[in-house]
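A short worksheet on the structure shown next.
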Amino acid sequence: MEYLWIIPFSPLVAFVIIGLFGYKFLREPLAGIVAVIGVAISAITSVIGFMDVAKTGNYYNLKLFNWMTVGDYNIAVSILWDPLSALMTCVVTCVSTFIFIFATGYMKGDESYPRFFAYLSLFVFMMLMLTLSDNLVQLFFGWEGVGLASYLLIGFWHYKKSAANAAMEAFVVNRVGDWLFLLGILLAFVTFGTLDYLEIFNKIPEVSVGIITAIALLLFGGAVGKSAQIPLHIWLPNAMEGPTPVSALIHAATMVAAGVYMVARVMPVFAASEVALDTVLFVGTMSAFIAATMGLVQNDIKRIIAYSTLSQLGYMFAAEGLGLFSEGMFHLTSHAVFKALLFLGSGSVLIALHHLLDVQKMGQIGRAMPITMGTFLIGSLALAGIPPFVGFFSKDPIIEGAFEINTFVFMFLWAGAFLTAFYIFRLFFLTFFSTDRLDPHIREHVHESPPNMTIPLIVLATATVVLGFFREFFINFLKPSLDPHSMKFLSEETKSIVWEGLARSHHVEIDADAFHFLGHSLTSFLGIVLLGTALAGIFTAYVIYQLRKVDPVKVGEMFQPIYKLFYNRWYFDHIYYAIFVYGYYKFSKLLWFVGDKMIIDGVVDGSAKASIFSGDIFRKTQLGRISGYVLQMLIGTAIFLALFLIIR
Amino acid sequence: MVPYEYYLVLSGLLMVLGFIGIIVRKNIIALLISTELMLNSVNIAFVAFDMKLHDVAGQVFVFFILTIAAAEAAIGLGLIMAIYRMKKDVDVTKIAELKG
Amino acid sequence: MDLGVVAFWILSAIAVVSAFGVVFFKNIIYAVLSLISALIAISGLFFNLGAELVGALQILIYAVAIVVFYVLVISTVPEYKGEAVDPKYALLSAPFGFMLFMELAFVSVYGLWKSGTGIFTPQVVQEISNAKAVATMLFTKYLFPFEVASLILLVAMIGAIVLGKKDIVED
Amino acid sequence: MSIIQQIVSGLGTPNFFVLMPEIVVTVTALLILVVELFTKNKTLLSTLAISGLGLATVSIFFIQQGDVTLFGLYIVDTFSLWFKFMILITSILIFAVFNPYIESKKTFYGEHYYLMLFAIVGMMIMVSSPNLVTFYIGLELMSISIYILVGLWKKDYKSKEGAFKYLIIGGAGTAIISYAIALIYGKTGSFDFLRIASEIQDKADIGVLGGLLLLIVGLALKASAVPFHFWTPDAYESAPTPITAFMGGVAKLATYAVIVRVLIGAFPFSEEIWAYGWAILAAASMIIGNFVALRQKDVKRMLAYSSIAHTGYIVGALASGNAIGFQALIFYSLVYVFMAIGGFIFLSAFEKNEGWTNHIDDFKGLAKKHPVMALYMLILMFSMLGIPPTAGFMGKFGVFIALISADVWWLAVVLVITSIVSAGYYLKIVANMYMHEPVNDRKFNLTPMEKSVIAFLSILTLLLGIYPAIFWDISNLLTQSLVMVSIAR
Amino acid sequence: MTPEFVPAGFPILSVSIIIPVIAAAVVFALNEKMAKPISIITSAIVLAISSYLLLVYDPSGYKIQFYEKYQWIPQFGISYEVGVDALSLTMVWLTALAFFVSFVWSTNIEKRIKEYFVSFLILEAACIGVFVAWDLVAFYVFWEVMLIPMFLIIGIWGYAERLYAATKFFIYTFFGSLFLLIGVIGMYIYNFYSNGVLSTSYFDLINVKLPHNLELIFFLLLALGFAVKVPMWPFHTWLPAAHVQAPTAGSVILAAVLLKMGTYGFVRFNLPWFPEASKYFMPVMFTLGVIAIIYTAMMAIAQTHIKRLIAYSSVSHMGFVTIGTFALNQEGVNGAIITMISHGLTSGALFLAAGFIYERLHSYEMKDLGGMAKFVPVFATLFMISAMASAGLPGLSGFVGEFLALLGTFKVSILTATLAGLSLIVGAAYTLWLYKRTMFEEELLSEEKIKEYEHLKDLNKAELWSFLPLVVFMFVIGIYPNWWINLINSTSQFVLHKIVGG
């Protein structure tokens, strides 16, 4: 399996090539081609590796080189190739490949074309370092690296103030999570003496639950930041300032899912702590619901999808919190595909509409761009959870699992499902159908996108249709990584701990086989309800936005407070801005003036002034008049003698 | 005989008076006179000690003190003359251009 | 009461009073005269102590030579019209002067002074006379300082001349 | 008659050969005195003076060391010879730059030359005194000569005022020293250091205390330690600048030497008294000297205050009361004389020119006009500030060692704080030279001799900072010789 | 644990100290045109020497290598004693690199070129001397010599308030170092009284067994001297002033080399000499370190002057070094040392960037800047890398040190590590803020500005070649820190041997 090193380094090579020669020699088409080749090679390689693992179910641990030595522990750059990482790697590389191809069209004519592909390649490299890591530090390396790439790409059009701000916000908010994550790593190291997953897992039985919980929660803090869960979600919608392929790749398919992946990766740690799992569940559920409500009322096409991403990530976390790690990972995979599709579709729309973002100003462009419309519809249906699209096969099991495990969670996820269907079709109708609200000037130029953009759409749409039927394959495929009994690298004690930790999900029976599952949902009460909910959402959107039977503005006015709450995104941004941005900045300024300038420098400069002042005072003793001199001498002599004669 | 301490105290008294003389007088010639007084007061102590010690070294020293007092007086008076010529004043409060 | 004691008291009274005169007389001539008076009183004390040579020198060098010099200068410099004593300084210096005096007196009175180790006991001095004793010391053991003292006087003389020269003021 | 015979018989014959340097200098002085009557040729006069001093310097090497002669009134040991050597050498440097100055200031007196020579004789007598009488007479010869030298400035009233102030205060100081000597004499019956030392070995009573303290006061006055420093700034400022260099460098050196000499020679056993006394004076000097210097605009006066501060540092070493302290004092005073003379000669060299008033603003842009000279001044200033690798640092280093070895932490801390304050004004000079643009582009004339003397002094300062071992050896040797002598006899 | 001495066959360390001094003399003597080439060549030679030493240094076991010792002032037992262990050597190398970079950068000095290079060359000699000296007096001499050229550099080639800044720098550091001197002399005297050895050699003073309270006092005296140099809160206010006013190369040296001396002193002297006191004062040092990290990060974000921002960020980073050092375990000390190197590179690069911006736009104020990235892409890239390294991005040098330091701290005090870790957030905030306000947001520019910007020149050759080495080594350390860790391991073991035993 030595060839696996090609996977991460092929994009790196592409990055270096483009980075060094991009502007001078490669320029527009070549840079993109190099990037596509780089990522394609790693996609092919990872598929080969995937096949291998799928066949054998083994895991491979390659140590490439020693990065850092800490005491007796070597932090190595390494590759852990097991089903989980193989799946994630495949998702990353394959989705990336198509998005890269799409981007060659999307970025056409941009003066920073090579830079874009350099950044993208860098991102893929970092993402692969993350997914392939066998230890937490390399994971953190990738983790921060994708943060950097995300920063660079969000701020790609850095001449825009909004983009620059969004980029910075994304990085800093991520850093909040990373702070916790790093502390988690440190705690883990101090506790376990190692940071290799496999060694950590096997040492879990030796450590008290409290510390495990602390480690898990701290690591989860990182995941919250990276995967933009409540309360660190605010950066993701703003991150839509970046070019759309970036949104598709980083802020939908791969990077934001890294948190989900990470939780699955260190599943035994989470499983060993009930509190940690509950926290994951709670945060996931809340995010799934709240983000959906936020998405409900937005008007920015990309932001709507971004909120949907938030929400779907919430579903994944909820799945993991429920103990259904495989379902979570499957949803991750499917979400990567259909969300990438949605983003690319919206990117296609944006190209057609000259980067017009407001859905309220679109409409009736479906006929002009049928491929986009069609593929977008497929993506929307998948998101809404309509069979036979992949979203149905990945999302419904989670909701069903929640129903069996925790009613409270179920209620939220169920409501979320309705909202999801509603807002995505609201978007769909407003964009492609409904009334024509488009600026006539733009209207003239609306056209279908070129093939290098439509082909990825078609491929992804196909995948959306097909992938759901591989449900059983995926679930079984992931077993050696996520099912305690099948995990070869776990010791028996750990296995039992993990098994007990996942006890909540033991009684859940969800059909792995896609057709059985389909049949089951079409027959069981719960399945019908869920399907009905999705359809109801679509229907509601249809009624309001296509048929215009109900005026959305009136609805908004009817539920004024709620509408405002949703529209202002539950005031998260406002509060954060007030406290952390404005408050912190103002407080810093104040502290600078008071603390540094007044107090510390006051003391420093004050002592200089005091010296000068006392210099002036002492100077007065030099009166110029002999009498004064001798008088002071007399005083001096008298006192000097007195000192010794009297005090001695 | 008078105790030697008396001579010493007298010497000290004259010394301090000379000191005070330098301080309080406003005429610079008087300052010079006061230093003479100070120097001479020491002579009493020397001679008194001499008598007590049965030695004459102190008186030899007195001789040197006298020499030096004379020398200082000579230079001081020369300076006073020069100052007077330039400044047309012998007020100590005016002889205070150098200060601070 | 011993004559010496009486002489001491009288002479020291004169010396102190004259010293006060030096300090406080407004007219500078009076001050110089007070100085002479004090110096003569001091030389009287020397005689009282049996140091005839020094006493005589005191009168010769001081009371005659130096004071004449003073008078000469005073006569060149017109009479000083201002007040003699600066009251502010007088007030300030008095306590510290008193303090210093007390300290010196304390030292004088309580110091354990050495006595009677020299070879010039009163008998010896009587035998060879004070002048001879002093002179012997001066020209044997203290010859070197004596020579240097002459150098000092030379320097002082030059100094007095060069400083008093007119061209120090004019060209 | 027997008594006189007795006295004379015990004395032995004086060895005048050991007086060679003094005699040479005195003869030179008298020669100049005579020659000056016939000629006003300054070059001739200064050549005479320099060659006399040079001859005296050479003669030092032929003198038998360790001789006490002139009936116990004169000691020619390593200590005194070394200091004589230093006095002569530094005086030669001053003579070398003296002529151009007085020429441009039109204040020529033939008296300058031989008065300085007489002062040098006084210093030389001072440093080789084993006896309070010699000490006293040497001190006075020096002082009186300097009183006159300060006042010797044609048509300059300030010089007279400064001289008069110095005279009055110095006279008071002389009186105090005399009184102190009287008390010590009364206590011990002798002027001889050794006799004094043996008499008051462990009987430190009030009499000794009074005498010693008054002696310290007098010496402090001559060395311009606070609160007896008042004459210093005025006299330094008003004197012709080479004379200031003479006072602030050479005379100071002799004074420090004699302080060590008297204290080790006569009062080795009451060291806790004088150590503490000097500590107080040193602290006061450091504080007042540095703080007041901070507010000076006239660089000459600033250096005068800095010399007060340096007196503080130097005598501060005595606070330790041990051999390291003496060593540090000797070292510091030896190197300080170079810095001080260098600084004042620098001023004198520039002062000759029109448009130079010693005001701190005159230094502005000097580095641009005279880069090399500015560099020398920079070295001297940093040396005074005590920044390595200059000799000034090594001096302070020794003082620190002395203070800390004797657990006088408080004085060390005072030294630290006042050193920091002193940075304020030394840096101002450097900053004015380097960091300001010149006010005008007037160049200043400096004679080659002045340049080379300043160069010599500042480079010497630097070299002594880089390799001070030789001078430490010397200070060690001198201390040893002093201590050994006082123990041996 | 006694060190082994490996004497140098050829006095290579002394030579590398002397070469710049000689070069300074030559530059002073020759005309202005020769100043720069000579300086560059000199620094290149020194860099080559130090790199060579770095490569041939034997990291196994604690050995003082290339050791030389000559009598200097035998009366006081003072000798000229130089040699390197890994800590010294890396610092020397950093110094050589920083000076090389500064010299290459200094193309557009117009004022008093000769003096400029002379000052820098003397400064280089002094800096190297500080790091290689094992005799305390020699150390102190070099330590102080540095003040003079740096004072001149800030004061002559600085900006408007240079005089104030130079004086403040000088007096502040002078203040600290005098206390350091007292502490050293105190140790020396105590050593003499207790062991009868008259020596200022590090290896003699390390054997002193001090009574507890004396140990605390000496610790504080030395710490005061070093803390001013580091600078630790609250002795830091000279640094922003000095940085703001200093010329670019001066800032680079100040940040890359001079600040290291303080932390070098802590590691070199305070830990091995005062093990008990180090433990005793660990909470205090932690507190000060954390305050430095958080408080100065807040200071940084409050700035509008980019150099002052970077200066405050330096203080913040040095806080990491402080806590790493006083974690008193190997990870912490290793982390501290690597942070020192890394900070030398990153802050040097950031100050170069600030200098670049100033040379192009003639302002350091954020309100006058912004939107450069498009016009100077190469510079923007290098600046970004430096900023990211400074923000502690893994894969670049900043992370390695901070990670190790945090790890070491975490082992001792979770609270401290947690708070110190906050710099991950606030550090990123001010670094990106800086980057954003200087390089991004072109759309806020006025028309004329954009026109003006179109004439902006990207890095010229000299600038590129001074920037590149720093960036390259950020990668080198970030990607393969193991080499460096192996290098310094034995040194940090030695430093800690009295504390952790062994």
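Each chain gets a letter, A, B, C, D and E, in the order it is written, and its residues are counted from 1.
We adopt the following convention: a contact is a pair of C-beta atoms (placed from the backbone, for glycine too) under 8 Å apart; a residue touches a chain by one contact, two chains touch by 3 or more.
Source: prediction; values computed, not measured.
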Topological distance between chain B and chain C, in contact steps: 1
Furthest chain, CA centroid comparison against chain A: C
Identifier of the chain whose CA centre is least distant from the whole-structure CA centre: E
Centroid-based (C-alpha) most distant chain relative to chain E: C
Whole-Å gap between the CA centroids of chain C and chain E: 69
Chain A-chain B separation of Cα centroids, rounded to whole Å: 95
Separation of chain B from chain E, taking each centre as the mean of its C-alpha atoms, in whole Å: 64
Mean-CA-position distance for chain C and chain A (Å): 102
Multi-partner residues of chain C (at least 2 other chains): 86, 89, 92-93, 97, 100, 103-104, 106-108, 113-114, 117-120, 124, 133, 137, 142, 145, 149, 152, 155-156, 159, 162-163, 168-169
Where chain B touches two or more other chains at once, by residue number: 8, 11-12, 15, 18-20, 22-26, 28, 31-32, 41, 48-49, 52-53, 55, 57, 60, 64, 68, 71-72, 75, 78-80, 82, 86, 93, 95-100
Junction residues of chain E - those touching two or more other chains: 171
Pairs of chains satisfying the touch condition: A-B, A-C, A-D, A-E, B-C, B-D, C-D, D-E
In the complex with chain A, residue positions of chain B that touch it: 19-20, 22-26, 28, 31, 92-93, 95-100
Residues of chain E defined as touching chain D within the complex: 71-76, 112, 115, 137, 140-142, 144-145, 147-148, 151-152, 155-156, 162-163, 166-167, 170-171, 174-175, 178-179, 181-182, 185-186, 188-189, 192
Of all residues in chain D, those that touch chain E in their complex: 327, 367-368, 371, 378, 382, 387-389, 393, 397, 400-401, 404-405, 412-413, 416, 419-420, 423-424, 427, 430-431, 434-435, 467-469, 472-473, 476
Chain D residues touching chain B - in the complex, by the definition given at the top: 133, 136-137, 140, 144, 147-148, 151, 157-158, 160-165, 167-168, 170-172, 174-175, 178-179, 181-183, 185-186, 189-191, 233-234, 237-238, 295-296
Partner chain C, residues of chain D touching it in the complex: 1, 3-4, 6-8, 11, 14, 26, 33, 70-74, 109, 111, 114-115, 118, 121-122, 125, 133-134, 136-138, 140-141, 144-145, 147-148, 151-152, 154-155, 160, 163, 179, 183, 186-189, 199, 203, 205-211
